[in-house]
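Have a look at these structures, which come just after this line.
First subunit A sits with subunit B, and in the next complex the same chain sits with subunit C.
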Partner chain A sequence: MSVDELSRAFRQHGRIVIVGASLAGLRAAETLREEGFTGSLTMIGDEPQEPYDRPPLSKQVLLGHMPADATPLPRRRALDAQWRLGVAATGLDLTGRQVRLADGEEVPFDRLLIATGTRARPWVKEAEADLDGVFVLRTSDDAARLNRRLTARPRRVLIVGAGFTGSEIASACRERGLEVTVAERGPAPLVGALGGVIGAVAAELQREHGVDLRCGITVTALEGDSAGRLTCAHLSDGTVLDVDVAVIALGAMRNTEWLAGSGVAAGPRGVACDAGCRAFDIHGIVTDDIFVAGDVARSPHPLFGYQFLSLEHWGNAVTQAEVAAHNMISSGPDRLPYLWVPAFWSAQFGVNIKSTGVPTMGDKLMITQGSLAEHRFTVAYGFQGRVIAAVAFDQARWLDFYRRLIETAAPFPLEFANVDRRPEGLRAVPSEFPDPSLPSHGPTVTLSGYSPSDRKVTFTPARM
Partner chain B sequence: MRIVVDLNRCEGYAQCAFLAPDVFTMHGEEALMYTPHAGDAQREHVMRAAAACPVQAILVDQRDDQADEPAAQREAEAHVR
Partner chain C sequence: MTSGTLLRQITDYANRADPYPLYTELRRTPVARQDDGVYTVSTYWEILSLLHDPRLSSDLRNRVPQPGDALPLEEDPSLPVSFIRLDPPEHDRLRRLATRPFGPPKCPRRVFNMRGELTRMVSDLIDGFQGRNQVDIVDDFAYPFPVAVICKLLGVPRQDEARFHVWAEAIVAALDPNPAEGPAERQRASQQARSEMGRYLAELIEEHRHVPGDDMFSALATDHGPDGQMTPVELIATGVLLLIAGHETTVNLISNGMLTLLRHPDVLKRLRDDPGLAVPLVEELLRYEPPVQLLPQRTALDDIDIAGTVIPKGAPIWLVLASGNRDPKRFPDAERFEPERRDNQHLGFGSGIHYCFGAPLARLEAQLALTELARRLDNPQLVNDPPPYRRNPVLRGPRHLSVAFDDLLA
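This part shows the complex of A and B:
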């Protein structure tokens, strides 16, 4: 049989298994069916719920506007899939081509998509993490539990970690009129993702909204009473804080443990794959039938020096899943590269924060529109003489323009003659990212791998 | 009916907040908050909002019959056993 015939036969009768039944898994499944895959499709997910949307959990749900179980994702089409929900995958047999499940069953496949995502990083000390009143926020069950407790009006909520999730939770708590302390190891909120200059604006926002923000502080211990209820937190400056709720918001861990020993290149940084979403094996050789998408994947991006990017972004889960699914049922030149320009949003303290590109790569930045003092601005990040990212606070409409600057490697510093004239002037200053080797809040974009630092790349994204 | 908004696309034009104010509201200057699960009484408003969105960021579940596919399948499996 020719390659084309094989490919056609697979589209008709192949067996595809998707491990991970959240946003990426669902969108991949829909794409497979939309593009004509008629073989068998199995969806495996460790949570009992059908695929649901997570961003509302830290916003609408914590504000009490809607229950945590009201975010099931809309479907683009019927899937005709076998669903195995509430059972985790525990192993992968590459040569035997089957996935082992926690209940002992083995599910055979011809092609596999790994979309197991991430989970909340738990509090380091297990006994303290088990105290009644200590929470994380990742799943809809987490959100339901936390919302129940916030509704009971605790005296004070402690948020450990001021990344995007921690800051959004703090915002929701303040909007409900609850007393909130935020403890952040770094010098400012969002500093890992956006740098110190923008982090200072985030700090102002928090304090203006009544958050007791403490930076350069770690939580050394959580203490409970004899009944196991959280009563106070010890901080590294010696302060003891009376709290009855603590939310651990220390970032996420990638769900790759189930792949240990499988021969797939999986580790704490995720599953490495090529730009076509095909997983590497431990020898660095690309596999033919194992694909990766979403939070758990890390893949090289030509626009960002071929660095391997791990992106914990909603849009990444959607777009990478679509590319992976397309490539699973395509061959040779029909396969597409994954060239999405990273983008994410956050809503906190009444401000709409949006980002495009990879801010963590930017060693310099300049405020190109608006002003930091007004908390309404657009900032461009530069790296080696080109625009690498842009972030907007309540100026979302401009970001598409900046995305095109990033895609065409426009020179940095930017020289706009008539976009916006401000007393501060257009000036490039250091963006003040913390030393990545220090333990701190993880950025939402992780960079790793080889960087040839090509400054002349011209980026023309392929059309789907 | 189920709703999800691609907030990467959303640029805060607030057309949806005018057309289906019970489902879409602006939070601050330009952040959008929405109810991901709206009652059928809202269907017409929501469909109008989705059509009017200048950046086409609103995805609505059009089909009720497959909305609970996994649950329906679990039920079917339970009957077999």
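This part shows the complex of A and C:
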């Protein structure tokens, strides 16, 4: 059979298994059907629920505005799939082409999509993590339990870690009128994601809203009573805090353990894949039948120095899943590269935060619109003379423009005249990331085109 | 044909009924300099990117005077400017203040809660067709309905409608950028109308301040938020904007919608059988026959390099939304009316910071109105095709829309 015939036969009668029944898995499945895949489709998920949306968990659900089980993902179309929910995948047989499940069953496939995502990083000390009152927030069950406890009005909530999740939880607690302490190892909230300059604004926001924010500090121990209920927390500066709820918000861990020994290049940093979402094997050779999408994937992005980026972004899960699904049922030149410009949003303390590009690459920044003092601004991040990212606080409608600047490697600092430019926005200042990890090579490519099919990479010389 | 004459043709009243072939022509040059120095932008992606470009100003004070520029620079300094013509940070502050009594986060259910009342208004107007076999959809329905809604929402006495209708007509006429038809005269009439409307609103708002009701003017006059309050002058400017924008565009959305449905009887029948179709159908209408055809008041704050053309600093820019909406590079089968079109991110409400303030209300009004018209008019027929149009090329819609029908259903 010719390649075309094989491809057609696979579209009609092939077997696709998707491991991970959350946002990426669902959107991939829908795309497969949308693009005419009529073969068998199996969805495997370790949670018993139908795919649901996570962003509301740390916002509307924790505010008590919406029950935790009321965030199902809207379906774009009927799927006609076999659903295996509530059973985790435990292994992958690459040569035998089977996924092993926790209940002992084996599911054969012709092509596999890995979309197992991440889970919350638990508190380091297991015994302390088991105390009644210690929570993480990742699943809808987590949100339901935490919401129940917040509704019972604890005396004080301790949040360990002031990244986006920790800050959103702190915001929800304050909106409910609860006393909140946030303990952050870095010098400010969000500092790992947005740098110290913007982190300082986040710190002001927290304090203005009555958060007891403590930076440059770690939690050394959580302590419970004889009944196993959390009673207090010990901090690295020697203070002891009376708390009955602690939320561990120390980031996520990638769900790759089930792939151990499978021969796929999977590890703590995710599953490495090429720009077409095809997983690498442990030799670094691209597989042709194993695809990856969503939080668990690490793929190289030409626009950002071909760095392997792993992004825990909602939009990444959707777009990467769509590209992966398309490529799973396409061959050769019909396959698309995954060229999404990273973007994420957050809502906290009444402010809508939106980001595009890779702020952590930016060594300098300038406030191009609005003002830090008003907590309403757009900031552009620069790296080696080009725009690499932009973040808006309550100014999200401008971000598309900055995304185009990033895509076209526009020069930084930005010198053009524009609306609402204040004197502070006229010069670039260091962005103050605590530990900048700078890639080694300069701007060599730009993106053009809008729709997925005419997205193109063009090599351009670095601006000196 | 030069593009200069092309734009003249688009604004020419003779082509009001069907400007779309001219837009197709216009899109051959996505960004085109016209004879009078105006830059027209007619393709989807270019319009969208300029709507998000902070180098574009909505404030006419940033415009470098062009020979033959259709829009006058001379604004009467005693007349306040509404936020549609302002840039951040003033724009943002005023729009935030105006949003507080209208939508989320403070009033998330304002529009939703009007559903019952809107349904009643629609039913009452259609009940009024009783005993007739022909109506003018514009005069008998598409105009009175949004006017009643905006009066209710803002807290304007319904009986004053006749007064502000005259002012609104004069103000809207001045938005007509056609230089051939006495712009200076229209401008004077518009300023006169603005002053009179301003005095009227000042009194009205003062009444609401003393005896507040559950309406937006009362809330704007009495509510204190994190941004404080609007000054009396700002309140009047906002009032003029909301009153006019709230009743001039929805008329066109509903009448363009009914016209399109009558030209697509299969779709009309489907809507009758499945009211749920109204949601995607109204989106497609906003793409296919947008009530706001173009935005003629943007100005470049810097040289802008786009689609191979540099728009110089200070130049006036017209964003031709209706043309972008039919750009085949963005919408497959763009000239076709497809009520269930997917991926329909049209420019019908604009985009960016000036995105239509009343969009949620306009959507609801059009959905309810078209569903009920489709359901209750038995065998509706278009009497004139094309119908006579209103003068304005910016806010385009039929002046009259005569529809004959066999019977009025319950």
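The rule we apply is simple: the second predicted complex is superposed on the first by the 430 of 464 C-alpha atoms of A that agree within 3 Å, B and C clash if a C-alpha of one lies under 4 Å from a C-alpha of the other, contacts with A are read in each partner's own complex, and residues count from 1 in each chain.
We take it that contacts are C-beta pairs under 8 Å (C-beta built on N, C-alpha and C of every residue); 3 or more make two chains touch, one makes a residue touch a chain.
From a predicted model like this one, the values you see are computed outputs, not experimental measurements.
Asker: Considering only touches as defined above, state whether A:58 meets subunit B (first), subunit C (second), both or neither.
Answerer: The answer is neither, since A:58 touches no partner chain.
Asker: Going by the contact rule stated at the top, is it subunit B or subunit C that touches a larger number of residues on subunit A?
Answerer: Result: the larger residue contact count on subunit A belongs to B.
Asker: Taking the superposition on A as described, I'd like to know which of subunit B and subunit C A:75 touches: first, second, both or neither.
Answerer: First partner only, subunit B.
Asker: Quick check on the superposed pair: does A:315 touch subunit B, subunit C, both, or neither? Answer first, second, both or neither.
Answerer: In the superposed model, A:315 contacts subunit B only, not subunit C.
Asker: Scan A:368 for contacts with subunit B and subunit C and give back first, second, both or neither.
Answerer: After superposition on chain A, A:368 lies in contact with subunit C alone.
Asker: Could you say whether A:416 touches subunit B, subunit C, both of them, or neither, answering first, second, both or neither?
Answerer: second
Asker: Is A:42 touching anything from subunit B or subunit C once the two structures are fitted on A? First, second, both or neither.
Answerer: In the superposition, A:42 contacts neither subunit B nor subunit C.
Asker: Given the touch rule stated above, what does A:404 touch, subunit B (first), subunit C (second), both, or neither?
Answerer: So A:404 only meets subunit C here.
Asker: Which subunit A residues contact subunit B in one complex and subunit C in the other?
Answerer: The answer is residues 350, 376, 397 of subunit A.
Asker: Under the stated contact criterion, what part of subunit C meets subunit A in this complex?
Answerer: 45, 48-49, 52-57, 87-89, 92, 105, 301-303, 313, 330, 351-353, 355
Asker: In the complex formed with subunit B, which residues of subunit A make contact?
Answerer: For this pair, the touching residues of subunit A are 43, 50, 53, 55-56, 59-60, 65-66, 70-79, 81-83, 85, 314-315, 318, 343-345, 347, 350-352, 354, 376, 394, 396-397.
Asker: Within the complex, which stretch of subunit A touches subunit C?
Answerer: So the residues of subunit A touching subunit C come out as 350, 368-370, 374, 376, 378, 395, 397-401, 404, 416-420, 450-451.
Asker: Which residues, counting only subunit B, touch subunit A once they are in their complex?
Answerer: 1-4, 6-8, 10-12, 27-37, 59-61, 63, 65-71, 73-74
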